[in-house]
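In this document, chain identifiers A, B, C and D correspond to the written order of the chains, with residue numbering beginning at 1 in each.
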Amino acid sequence: MRLTRRRFLKLTGVGAVAAALPLDVVPVLAQSGPVRLGILAARAGVLAPVGESGLRGVQFATDRINAAGGILGRRLELIVEEESSPKDTVERFRKLALSDKVDAVSGAISTGVGLALGPAAEEMKTIWLAWDATTQKGVEESMPKPKYSFRSTDNECEAVMASILTARHWKGKFKTVAGINPDYSYGRDNWAAFLAIMKKYGIEAQVVSELWPKLGATDFTSHVATLIQAKPDLIFSCFWAGDTPIFMKQAHAAGLTKSTKVVLTTGGGVHESLKKDFTPEGAILGYNCFYFENPKASALAKEFTRWHAEKFKEWPNYESDHGYFTVVAFKAAIERAAKAAGGKWPTQDAIIQALEGVEAESLSGPRRYREDHIMEAAFFQGVTTHRNRHDFVTIDPVESMSTKQIQKPSGVGLYDWINGWKV
Amino acid sequence: MIVRALGLIAGAALVLLPLAGVPYTTTLLLPAFGYAVALLGLNLLFGSTGLLSFGHALFIALGGYTAAALTGRFGVRSLELVLLAAALVAALVAVPIGLLCVRYVKIYFGMLTLAFGMLFYSFLYKFYALTGGDEGMRVLRPMLLGRPLEHLDTVAYLTGPFYYYALGVLVVAALVMRRLVGSPFGLSLRSIRENAAKAESLGIGVRRCRLAAFVVAAVFGAIGGVLLVVPTGLADPLLAYWTHSGNLVFMLLLGGFDHFLGPVLGALVFILLQDSVMSLTSYWRFVFGAILAVIVIFFPRGLMGLLDARRAAAS
Amino acid sequence: MSAVRWALALGWPTPLFLPVLLAAGLALAAVGPVIERLLRPIYDRDESFQLLLTFALVLMFEDVIRFVWGTAPHQLGNVYLAYGQVRVGALTVPTYNLIVIACSAGIAAGMGWFLARTRFGRIVRATAENREMAAAMGVDMTRVYARVFTLGVALGTVGGALVIPATAAVNEMGIELIVEAFAVVVIGGLGSMRGAFAGALVVGVVKAVAIATWPEVEMLAIYVIVIAVLVLRPAGLFARATA
Amino acid sequence: MTALLEATDVRKSYGDTLALDGVSLRVDAGEFVSIIGPNGAGKTTLVNVLTGLTPPSSGRVRFKGTDVAGVGPARLARLGMARSFQLVTIFPALSVADTLAVAALSRLRRSTRPFAALSRDADVRAAVDEVAALFGLHDKLERAARTLPQGDKKLLDVASAFALRPDVILMDEPTSGVSTADKTTIMQTLVHAAQRMGVRAIVQVEHDMDIVFGYSDRIVALHQGRVLADATPDAIRADADVVRAVLGIATTQGRTQPGRA
């Protein structure tokens, strides 16, 4: 066989392909070099803005940590991958764990992705600090007693808080309710929690319509028409994405929100898009765990808000805070474990142990991980107002509740817990 | 000649890869194996029969959900049984769908299959109680050849026994498909692709052959789907979404639909390319869209076509 | 179909009131000839390749949009509400919706007139009927395609510009809407103007009825209709008997 | 004795146009029948009806005693009736050998065998070689059909129909698009092949009157969807009406459109 030039080129071509294979042989020296944190952030689709927001919080935390000398002297390095479909995200998680050999992974918003990542984290023996991505139903099944997964607050915390506020402000002022919620576990969990709490408070509200548009829908004309027909006194919605302003705008244009009470548990996720033109005053609006104009904000929160506004020309929302907290909690746990080990770099098991119960200063005040790996934070909601310097609504007064109050405690079923309330 | 030599080198590399101590690359190839099996089937439909399905992800999802239901709900952990069941379910579903679809060709066939894929996606997404909605269904780790392999952790399981199992399934699938393509049935399909009226006038039952190809493609799709969800541990509705079907066709075109091993090459290259481009830029969709556009416009015969052309030029 | 998607993609970032919006939509149609030039090599191939190319463009545009406009939803707040509301009996209807309906009807009528009465319209129809014949009769195919394509993009961008004020421009719009646009076109029949109009009505009405009565089947119902139409009347509800 | 192929009072309408208006036709074993007529007389429609491609609006078509109206070309082919098309109809990307193999497999009822190795089927190879030799295609077996010269494409089209070893073969203008010089060669080949392959009857649609009168046992003249005459070549030649209605027009056409393919 004569080795022609062409053939030679072809063979070198094979070599090039082989070289391009992602070879995961980068040796990681456990005690030196940077601390590697893998990030899973959504980039496309309806989750993209949220993923972006979480990433900003992570970036802010990382810059501060590195400016202050890193974690026990080691620089913190981020390896960012994309959160997409559950299958693809598990593969990216695997890359972070096996190929990049990260010390922990932070990220993930979608419930479906979260359910896939839980077992993957246990299997890969890699710490995973979720930004969101929790649900009643799936979690118990796929993450019974997780070792490596650390979860966010429960899905329905904001429904619980909004329901308590609803009862406080409007008990006796409405007889019929309608729900319009995104068609997936988050929407269903929140609506069910709302109904259970109304019952607990003795509010005999009749459900006149239950609508489940697809997450991220862009047209609600038919839904609005159905709601106008149903004539509810109160509309409950846990929209959190671009669908929120679209729904509000179309509802306003059809005159739906003029006399109807509105509860938007999570609309604060896209607060800047809730323009005064179509978002009424006097609605209950939730910002999850971070409100950018909290009068009692810490210096840290103010600094972050300023940084965010300058850098991105936007006011920050809650996902940044989730992202921020996972990073600082990880750092705090390492330092806590190192102290216990006499200053030596801790083992992974020691870090996990230290994460349980660790407390750190988040953008919304102190937060911690419970011993059962669930986040404990403060939530912010309130009644909308037009009296501000923006073209969108804000809340006044700002009410805050801790998850100690609005999240089910460890080991108790959600509805058992609600039914056990004293009201 | 060159193609064969390259194939041998690649085959040897695949067999030896788990021993190279690169666990991530090894797990990365698992979905490529699953896709390769599904694409072998899809290519019987497109490459041989000339019908381009834009809903083939339906059968991948069907295989995935069958695996989830069997391992998760009914406690059937034997992968051989799961594969068999997935093949059966796919065949059962493919017959009625195929009966409707194979009456049409070209873009009408494409659109009808797309509609069926989206119908199934909507079903998975909306029928919460049955399918878990957006959360999907968990797939538990199956036994291989009756061996539970519980002593292995997941990485060892995936990069060891399951890797070879999946590779084995792919090899068997490829051998079966080669037999099919080289059989009288395969020739009948090609004659239908070339000129259905002429084939009909020569006594070929055009619709029956198309239906058979559709069902075979579905079975391969479901088997690929099972291999695909075991490493992920989850079957979710996005498996059936139209963009997933689009990706399948992308892989097929990338590899080259008129060569028997084109689908396998397409799956491998797609997965490796996706992995590296995703790590390089968050705008990987743009890169992939551009690659696809270039292939569609300038190189419709894919990588295998390029290899062929160079071989032709060299000789 | 692809034009609809580009439209929505491109009809976004635009200024503040309707005429300007429409002008912007029309201006964006300038990308038509460029894209058409790219598509030219595949005219002779199976239409499936065109479907595939559409998929490639969807992938690319999603990232282009993210690159240029970021991930947050974009809205044109006051355009929708600036025109006020009209009370029809007990109903409150946003005036803007009526404007959109009027514009659509106007465009549809215009298209009908264009195809039926103008010289170029007749050439377009002849070409759709039989390309070889038209070419043999001395019609310059390249120009016809370029113009028709540009017209399609213009209609798409104007359509996008029209709906955006009522909603918001979001990143994944293309991926979601392209399938709905596909449903509309299939139900109406490929290449049928009346059909496209009827298809849009069918999809809209089915969605509305499903939402009001049985929300679970909203998505399903559309695909069931698409399949039924393809199976029973593959040429669409209104198309001629050629398929 | 029952006819090999018999059409009784066949009508076929497309919308308002009546393409066939009560056509009756009988073909017996051993016959070479030509169907002639001006354009639009219904010749191709008749062939399509006879070969099951188009179901008739009314009337009966019987082949070897069984009713075959609208059963579809595939089943008719398996029953023993083959056809070739007016326009050259081939499998462009398939080789000559594969094209003939499709037909041979169909005759052997092996078309749908999924796991048999085609390359090792000696019966098929023998059949392919035989037909290829008869049609002079034996040295082009591996060439893709689309690369053949026009005359060979036509031969391949006809040869694949012969490879079915049918009882009856219907040919829609077997020599259209072929130079006058080649026409005779093709017809010789056809007739020779028919004898060798045991074809019991040939029906052809043809414009070239030299061929029609040179080879037919019987001529059926169609005009406006009706049978104008059905007789031997000599009788037809003697019939002034037919000559005027059909032949005059047909021969002119033969001259003005020599390259129709």
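We take it that a residue touches a chain if its C-beta (ideal position, glycine included) is under 8 Å from a C-beta of that chain, and two chains touch if they have at least 3 such contacts.
All values reported here derive from a predicted model rather than from experimental measurement.
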Key: Label of the chain whose CA centroid is most distant from the centroid of subunit B   = D
Message = On a C-alpha centroid basis, what's the spacing between subunit A and subunit C, in Å?
response = 36
Task = Could you tell me the distance, in whole angstrom, between the mean C-alpha positions of subunit B and subunit D?
result = 43
Query = Rounded to the nearest whole Å, what is the centre-to-centre distance of subunit B and subunit C, using the mean of the C-alpha atoms as each centre?
reply = 32
Request  = Round to the nearest whole Å and give the separation of the Cα centres of subunit C and subunit D.
outcome  = 48
Task = Mark out which residues of subunit C touch at least two other chains, giving numbers and ranges.
result = 62-63, 66, 175, 216, 219
Interface hub residues of subunit A, defined as touching at least two other chains = 43-44, 214
Ask   = What are all the touching pairs of chains?
value = A-B, A-C, B-C, B-D
Message = Help me check something: in the complex, which residues belonging to subunit A touch subunit B?
response = 4, 6-7, 10, 14, 18, 20-25, 43-44, 80-82, 85-87, 90-92, 94-95, 98-99, 110-112, 115-116, 119-120, 123-125, 135, 137-138, 141-142, 183-185, 188, 214-215
Inquiry  = Under the definition above, what is the set of subunit B residues touching subunit C in their complex?
reply    = 52, 54, 100, 103-104, 106-108, 110-112, 114-116, 118-119, 122-123, 125-127, 242-243, 246, 249-250, 253, 283-286, 288-290, 292-293, 296-298, 300
Inquiry  = Help me check something: in the complex, which residues belonging to subunit A touch subunit C?
reply    = 43-46, 48-49, 51-52, 210-214, 216, 218-219, 221-223, 225-226, 228-229, 241-242, 245-246, 249-250, 252-255, 270, 272-273, 275, 277-278, 314, 391
Ask   = How about subunit D: which of its residues touch subunit B in the complex?
value = 51, 53, 72-75, 77-78, 82-83, 85, 89-94, 98-99, 101-103, 105-107, 110-119, 121, 124, 157, 160-161, 164
Message = Which stretch or stretches of subunit B touch subunit A in the complex?
response = 2, 6, 9, 13, 21-25, 27-28, 31, 125-126, 128, 132-136, 138, 153-155, 228-229, 231-234, 236, 238-239, 272, 275-276, 278-279, 282, 284-285, 310, 313-314
